[in-house]
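The structure under discussion appears below in the form of structure tokens.
First chain written, first letter: the chains are A, B and C, and each begins at residue 1.
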Amino acid sequence: MKLLVGGILLAVAFAAFPLITQRSDLLNLGIQIFLAVALAQSWNLLGGYAGQITLGHAAFFGLGALITRILWVNGAPLVLALVAGALVATAFGIVIGLPAFRLRGAYFAIGTLGLAEILRISVGNLMPEISTIPAAALVSYDMLSRYYLTLGLAVLCVAVVAALVCSRVGLGIQAVREDEAAAEASGVGAFRHKLLALALSTALVGLAGGAFAYYHVSYYPQHVFSPVWTFDAVLITFVGGVGTIHGPVLGALFYVILKEILAVRLVELHLLIFGVLFILVVLFFPGGLVEAWSRARRLITRKG
Amino acid sequence: MLEVENIQVSYGALAALHGVSLTVRPGEMVALVGPNCAGKSTLLKTIAGLLVPRAGVIRWEGKRLSGGPPQQIVERGVALVPEGRRLFAAMTVRENLELGAFPQRAQKGRRAQIERVYGLFPRLFEREGQLAGSLSGGEQQMLALGRALMGLPRLLLLDEPSLGLAPKVVETIFAILAELHREGMSLLIVEQNVQAALNLVRRAYILEGGKIVGEGEGQRLLQDDHVRAAYLGPLARGSSA
Amino acid sequence: MILTQQLILGVLVGGLYGLAAAGLSLTFGVLRVLNVAHGELLMLGGYGTFWLFTLWQIDPFLSLLGVGPALFALGLILYWTLFQFVVKAHEEVRIKNSLLIGFGLTLVFHTLAIRLWTADERAVTTAYAGAVIKMGAFAIPLVRLSSLVLAFAILTALHLFLAKARWGRAIRATAEDWEAAALMGIPVGKTYLLAFALGTALAGIAGGLVTVSYSISPSIGLEWTLKALIVVVLAGLGSLFGAFAGGILLGVAEATSAVLVGGAYREVVGLVLFLVILLVRPQGLFGGRG
């Protein structure tokens, strides 16, 4: 309950923020945060709740971005482009899921990584030229619409995960994560549930990719398939708290703001810090920031 | 001398041994018999250091044994021949034997000890270069035993040495155990083949449900009513079920 | 003919793929730990060679005598501070955690490398860099040939160590059944430590050879981790020479595809092969364990 209230308040706060100021650098920061939330939360669905650690997240982000970009730049209405991007990403995800789920654990992870790399290289070869928003659209480029689009996306991702977690299907998915054999034995169709998690995950990250295509003015087409997107998603989720609803949100806030603070003087250092944090989390603090926060709260309430 | 005092071992929340005590005097050959899942293997694994007791103490030659890692226990002269042999199937007979002499203490007399083992088990010498996985059941047991001997143990722990072996082979193995005993080795043998075990040893313990429920001379236990009923009836004879 | 020349080059690079894979195979086979930072370790070794050459004019092949032990030491540190905790869990969790930790290490090392050496590609050009052995119409670059021979020699030495030496056998025994190994008096923790450090040393040496034969930049880390993974999956675990052969196979496959569909898809071929083998025969072409 508290989480729900907190989440709604946060969303409202972010929504109301442009009423205070519309400085483009701050709006930009907001967009980064929302994209990070979407990226991480969509990964969290598959990697955290379903327990299928995937390293190919970028493939679906990229597909969403690719399709959306192509359609939108060529005149299609934005909503159509976004939905098309998400659909293509999901379709690809399902096609992949069928054979991929035969692989277990590490093999699934590196298999999905290999897949994403194949896409990246192929796209890089087929579309080597930089993709830029055409002049007409550039003139009418407004940050605010991107701000609200990505905010909506972030809220959607969190809402989907929150709704799923409490639902029967969601419980089934988590049961599969805990012990696939046991879940299967008690009637939970493991494959079906994993596939559903995959479909939702890819749909959401496909939307995120589409949003990125709408937002980012110019980039090389293979950039959206870069493993960096996967790494960001995994990092943020784990440091924030894998398998929790608010973990990816906390992690995203932390990550983007840290990146901003460090960007001025120590470029790229945020990755190093996050890398170290990540290792510490995996070894000693599996619950991430979420766990650290609740432990700290308990310490304080005990003393108080 | 091996002194096991009040050992309690649990697998997670499941208690396997509820305060087990036994002793093996220097140069003694003792059997530990009992039904399946009584905790016999658990006890041997605990003595060998693969499991850590929740309570209780194990002493060997006066000094505390429990709590140390398996390799330390081997260095102290206690060797376990595990259930199912656990040979290195991908390595040859000779390599398995030489691995048994891994401890520093056993390295020097390695060559002499291998000759001794080949003397006890001529069949192993014949199959020196063969992969351990390709040996017959009896040969594997001999190799497991020989491998343990390479570490120059003073106490041998054997977990179900007759498991899956034909009676004739069991006879051979037991004869060798008797021979080792004659030469001064202390032995603690866990066996499901109660008949053969009680005929072999002078003294035995009975372990049921994680507790010692009986102790006595091998021959006398064979006459005991409870033992006869539980283990020597027509349905309970031998193991290979 | 172009194909033959390409094949020759493919074999030459394949030897290095094999060496890189051997290190990964060793750690995965013995500790059941998948260190995806393997490529970054290779990259660090490569920069070690680069530094020694640039700062003190030490011949790159000679520098391996320093790079090998340095990466071995790094391996000791990494095991002692991180991976020893990972091996305490049982296999499935072990693999998952090692994957994640390797991932964190990848980021740390990658960022470190960019800070220390910038993101630019660097090369080491010795006096004999351009030397070539001519065989009819084909040219075999001497440096790359030496690297291949050296890689093979190192793997042979390692193979002998594993086959005959007391600790080498202890490693093999621990890889097969660590509890049984412990019952032999083999200190499993130390064995893991040794195997892990050997794996990182192999990565470092491979990196040095990559630097002298090709070039080095911080981004080769992920690339070589993937190569090593592809070869490990291709060849299966359990044989160093299998890894070597697998590496050569990959090099040849890449060369062939480069001729047939163009060099741009060179990497893709390896990855596709990788996925196919993962799905069809996860234990690899020559492997024992899956």
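Please note the rule applied: contacts are C-beta pairs under 8 Å (C-beta built on N, C-alpha and C of every residue); 3 or more make two chains touch, one makes a residue touch a chain.
In this text the structure is predicted, and so the values were computed from the model without any measurement.
Undergrad: How many steps does it take, at the fewest, to get from chain B to chain C if each step moves to a chain that touches the one before?
TA: 1
Undergrad: Taking the mean of all protein CA atoms as the centre, name the chain whose own CA mean is closest to it.
TA: Chain nearest the centroid of all protein C-alpha atoms: C.
Undergrad: Measuring centre to centre with C-alpha atoms, which chain is farthest from chain B?
TA: Chain centre farthest from chain B's centre: A.
Undergrad: Using Cα averages as centroids, what's the distance between chain B and chain C in whole Å?
TA: 43
Undergrad: Rounded to the nearest whole Å, what is the centre-to-centre distance of chain A and chain B, using the mean of the C-alpha atoms as each centre?
TA: One centre to the other, that is 56 Å.
Undergrad: With chain centres defined as C-alpha means, what is the inter-centre distance between chain A and chain C in Å?
TA: Taking the average C-alpha coordinate of chain A and of chain C, the gap between them is 32 Å.
Undergrad: Using the touch definition from the top, list the residues of chain A that touch chain C in their complex.
TA: By the definition above, chain A touches chain C via 53, 99, 102-107, 109-111, 113-115, 117-118, 121-122, 125, 227, 231, 234-235, 238, 268-269, 271-272, 274-276, 278-279, 282-283.
Undergrad: How about chain C: which of its residues touch chain B in the complex?
TA: Where chain C meets chain B, its residues are 166, 169-170, 172-173, 176-177, 179-188, 238, 288.
Undergrad: Considering only the defined contacts, which chain B positions touch chain C in the complex?
TA: Against chain C, the touching part of chain B is residues 48-50, 69-71, 74-75, 79-80, 82, 86-91, 95, 98-100, 102-103, 106-107, 147, 151.
Undergrad: Could you please specify the touching residues of chain C with respect to chain A in the complex?
TA: Residues of chain C touching chain A: 34, 36, 82, 85-86, 92, 95-97, 99-101, 103-108, 110-112, 114-115, 222, 226, 229-230, 264-265, 267-268, 271-272, 274-275, 278-279, 282.
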